[in-house]
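Worksheet: the structure to be examined is printed underneath.
Residue numbering begins at 1 within each chain, and the chains themselves are lettered A, B, C and D in the order written.
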Amino acid sequence: MTRNNLTAVLLLSCRDQKGLVAAVSDFLYRHDGNIIHADQHTDQEEAVFLQRVEWELEGFAIAREGIAEAFRPVAERFGMTWSLHFSDYTPRVAVFVSKLAHCLYDLLGRWRMGEFRADIPLILSNHADHRAIAAGFGVEFQHLPVTAQTKAAQEERALALLEESRIDVVVLARYMQVLGEAFVARYPNRIINIHHSFLPAFAGARPYHKAHERGVKIIGATAHYVTAALDQGPIIEQDVARVSHRDSVEDLVRKGRDLEKVVLARAVDLHLRNRVLVYGNKTVVFD
Amino acid sequence: MTRNNLTAVLLLSCRDQKGLVAAVSDFLYRHDGNIIHADQHTDQEEAVFLQRVEWELEGFAIAREGIAEAFRPVAERFGMTWSLHFSDYTPRVAVFVSKLAHCLYDLLGRWRMGEFRADIPLILSNHADHRAIAAGFGVEFQHLPVTAQTKAAQEERALALLEESRIDVVVLARYMQVLGEAFVARYPNRIINIHHSFLPAFAGARPYHKAHERGVKIIGATAHYVTAALDQGPIIEQDVARVSHRDSVEDLVRKGRDLEKVVLARAVDLHLRNRVLVYGNKTVVFD
Amino acid sequence: MTRNNLTAVLLLSCRDQKGLVAAVSDFLYRHDGNIIHADQHTDQEEAVFLQRVEWELEGFAIAREGIAEAFRPVAERFGMTWSLHFSDYTPRVAVFVSKLAHCLYDLLGRWRMGEFRADIPLILSNHADHRAIAAGFGVEFQHLPVTAQTKAAQEERALALLEESRIDVVVLARYMQVLGEAFVARYPNRIINIHHSFLPAFAGARPYHKAHERGVKIIGATAHYVTAALDQGPIIEQDVARVSHRDSVEDLVRKGRDLEKVVLARAVDLHLRNRVLVYGNKTVVFD
Amino acid sequence: MTRNNLTAVLLLSCRDQKGLVAAVSDFLYRHDGNIIHADQHTDQEEAVFLQRVEWELEGFAIAREGIAEAFRPVAERFGMTWSLHFSDYTPRVAVFVSKLAHCLYDLLGRWRMGEFRADIPLILSNHADHRAIAAGFGVEFQHLPVTAQTKAAQEERALALLEESRIDVVVLARYMQVLGEAFVARYPNRIINIHHSFLPAFAGARPYHKAHERGVKIIGATAHYVTAALDQGPIIEQDVARVSHRDSVEDLVRKGRDLEKVVLARAVDLHLRNRVLVYGNKTVVFD
């Protein structure tokens, strides 16, 4: 992958039809686009076509400001849902966290080391514990404690903070509050949660306890987009680790932490690189 | 592992108490037992102690006929549940199968190549399809078609056949009938089923369809002992495979077959080598 | 994946150039080709472009006999290396085996159950042991014992047998003889070997012994195309399994068998479905 | 696992002999030791016996100061190599690092979150880059630049610093200098290195480049004790990740980082919990 050259990414989906691939590649070819990544998927059952194509802006015959305009007729002809992204835009990420800090630490460390093409200007928590970590990484920290009474108001406040910081993506890094529908609706397919089980097994609370009680031989973690239905959103990434009868609940928690960190980081990275497309309640991951 | 020498295996469990390990090792030491494998597990929460110990009969001061008798006082002192096994006993396995033959083929192939320390004298099916395979491997084939009306009677008949063939272990190799409680009760922790999902996810029918619909990124298979509650018995072994949006339901079925074969074979092998102990609804696997 | 409809597959590679994707998709679009799978890869460093595209013959404007002819101008314009395949052709596979039969059994069982789109008309061995297995599956068995003196002559004989049976693909299912250069040259990228290690670790003889001696915590298996250099050919597929100090060499052999079977079967299946392209000493696997 | 109660751990190895297990368990039983973990391994080929046993100090009849003395006769009778550890001792770890900081960050984050039973009082680097990270975590940072000329002197200096800080374990967190024999000899089986390949494949420099060039389908990472022979020491832990032709060298590096972090952290944790025993050039990991 060429990371240094400026590129454009087109993500699109529509009803499957003949001539789709030809139309898109023709559009790029006619304007001297040098494709560096192209991948598509056809869901035969649903008759849905999805595509990701990335090309270099250098040498492309259309100025970046004009690309959307120029592509629109193609999109309209096929009834496409589409979005256009440029590799020099740096998405802005807010991290929501509660008491457990391992995912927060991991995300900040990766960000600091340049792993993510993103900024992290805001950390938001229902507890005050991690103010110092935020400060250490030079990130604004907002403490928004939540009770049943204050929840709606605090989510309003959170939305205002997100807007203020012009946030593109919200990452729930073991944030233990269920977000309200209104909140979720404002960031469709832009809120990423890590659930500490191999969904759909052990949805809801205390999955490691449930896994231990059931005596499973493998545990997992799942990163998914948040929807109104708890732990039911489109899955972006999952991974698993082998366990045995020797592992206590505490051991599962310990081993699970490593899964959670890696699975969440992979999902965030895939999202930030515009490699995830949602359709129905599923994702297509163009990796 | 020394496979050639004649060995004895003691499997035991009891309430956790001081002096357990000392008592067992002392018993073997005093009679010149050469331990070649010993493993134990203490479930701290349940205060349960479980142990597997294997030693060579050659040089052991007690004749094999007398070992159980000699050990009984130790077992009674600590209130142990225990069983004694000898490596020259060849367990007798019956395989139950329906339409899908991949697990059956795999088990027979392994048996023929000497992978299992077992005999397979009997294949039982609710369909007649695999009579030829059975014949090819020289195994008796019994066709017991099942309807809602005949089910109870046919299970009676099956039990009679198992008894006749002195079967120790029943392996459900993608057998698509739910066994009745009376049947299950006759072979407690001796009926091994392969379920084609990562339990507890997708219990019940059509797990690959459900997995595809949910859009999971990993599929699995689970081998477990059969209990009265469907797909709820103690898990012996699980494994998983990565899938993607590119995989249709048929692809999941295809990839899943390899998981099912390997997971079932491993579970059967562990059981046959007396390496599995059940307590509560869980297993301890002394591998 | 639509398995039932008749399809054509185009596999091609060439120097990376602008307009490649457009030219191919345009060719198919102009003739009403309904693409059901398309994947491409650009190796940026080597500036190599590789593509696999599969489309339905039903409704395609060019009769199958004329497709190659019609595509030739496109291919020549870009200097493509290419091949065209039809889904109703059944490739013919010969299996070479020595003493260990687990891969042979596995391949035959899969074939019998319809997993492979292939025929297996010939088994060839330097030992006579598996004549009965071949007979059981109704496959011709040729015993060609090999000594240093007879090797060249026997390979000539083997080549004649392959020709006679119109073999497309040779599968070395734990065949313990090193094939001569002349033999290999006759089936470039059409001889698939399973090596019982995670190559390039433990190339050559007795990999499980070496792995045990080195004390690795994971073992592997590798399926690769055979080239003149031993265990150095393009890797098609690999997989691994976790082991521990508890595993003797015999345990590694036992666990490794399951890896070998699955990895070899996957590689053979990928090859038979025209999903593997070789360039340099590497493969692109369009899965 | 009971983490809160004070425990003692005995690690021992010796020539395999009858009565070993009985002698150790008897020693503990006679003094009212409540065993909470016991595991042993017999290498049949080498006739070596290795054991780890952990018991609670509360209620044990011998005061902690007297345990070693009391056990000595047992150890001498069997010619044991042994060590005794107490769970309230906090080992002191020094981290060596060069330019790449992901493992350093990961170790510090885990330490800060209380994952390791250890202190990290010292970071040592041949570059000055990570002084600020060290400061952020409140850890002493020593910059010891190394050239061919200064290497011996700087290693002397490093040894002095380790002594000063009473370091028990040295962790090479992507430290890109080869340590001299004299240095290594001072911390036998107490220097843990992370190598960014699946050893023994791709030992030495630039393993990701070599892996990419070879076209492997799986990459790995290996944590091992450092010995005089480069990348040849006893392996503690390994793990792998699947890659494909789509992955550039940079992608391998990116995916590999996650492996390196997790594998190194696991190895360090196992060592700190006294769960690793070295014999010959291998480890027994009592997990």
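Throughout what follows, a residue touches a chain if its C-beta (ideal position, glycine included) is under 8 Å from a C-beta of that chain, and two chains touch if they have at least 3 such contacts.
Quick caveat, the model's predicted, so the values are computed rather than measured.
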| item | value |
| --- | --- |
| Steps needed, at minimum, to go from chain A to chain C via contacts | 1 |
| Furthest chain, CA centroid comparison against chain B | A |
| Distance between the centres, which are taken as Cα means, of chain D and chain C, whole angstrom | 41 |
| Centroid distance [mean C-alpha coordinates] between chain D and chain B, Å | 37 |
| Set of chain C residues in contact with two or more other chains | 1, 44, 246, 248 |
| Residue ranges of chain A in contact with chain D within the complex | 1, 3, 101-102, 105-106, 109-110, 112-113, 115, 136, 246, 248, 250-251, 254, 257-258, 262, 265, 287 |
| Interfacial residue positions of chain D with respect to chain C in the complex | 41, 43-45, 198-202, 214-218, 220, 234-240, 244-246, 248, 280-285 |
| Chain A residues touching chain C - in the complex, by the definition given at the top | 1-2, 18-19, 21-22, 25-26, 28-30, 32-40, 42, 44, 242 |
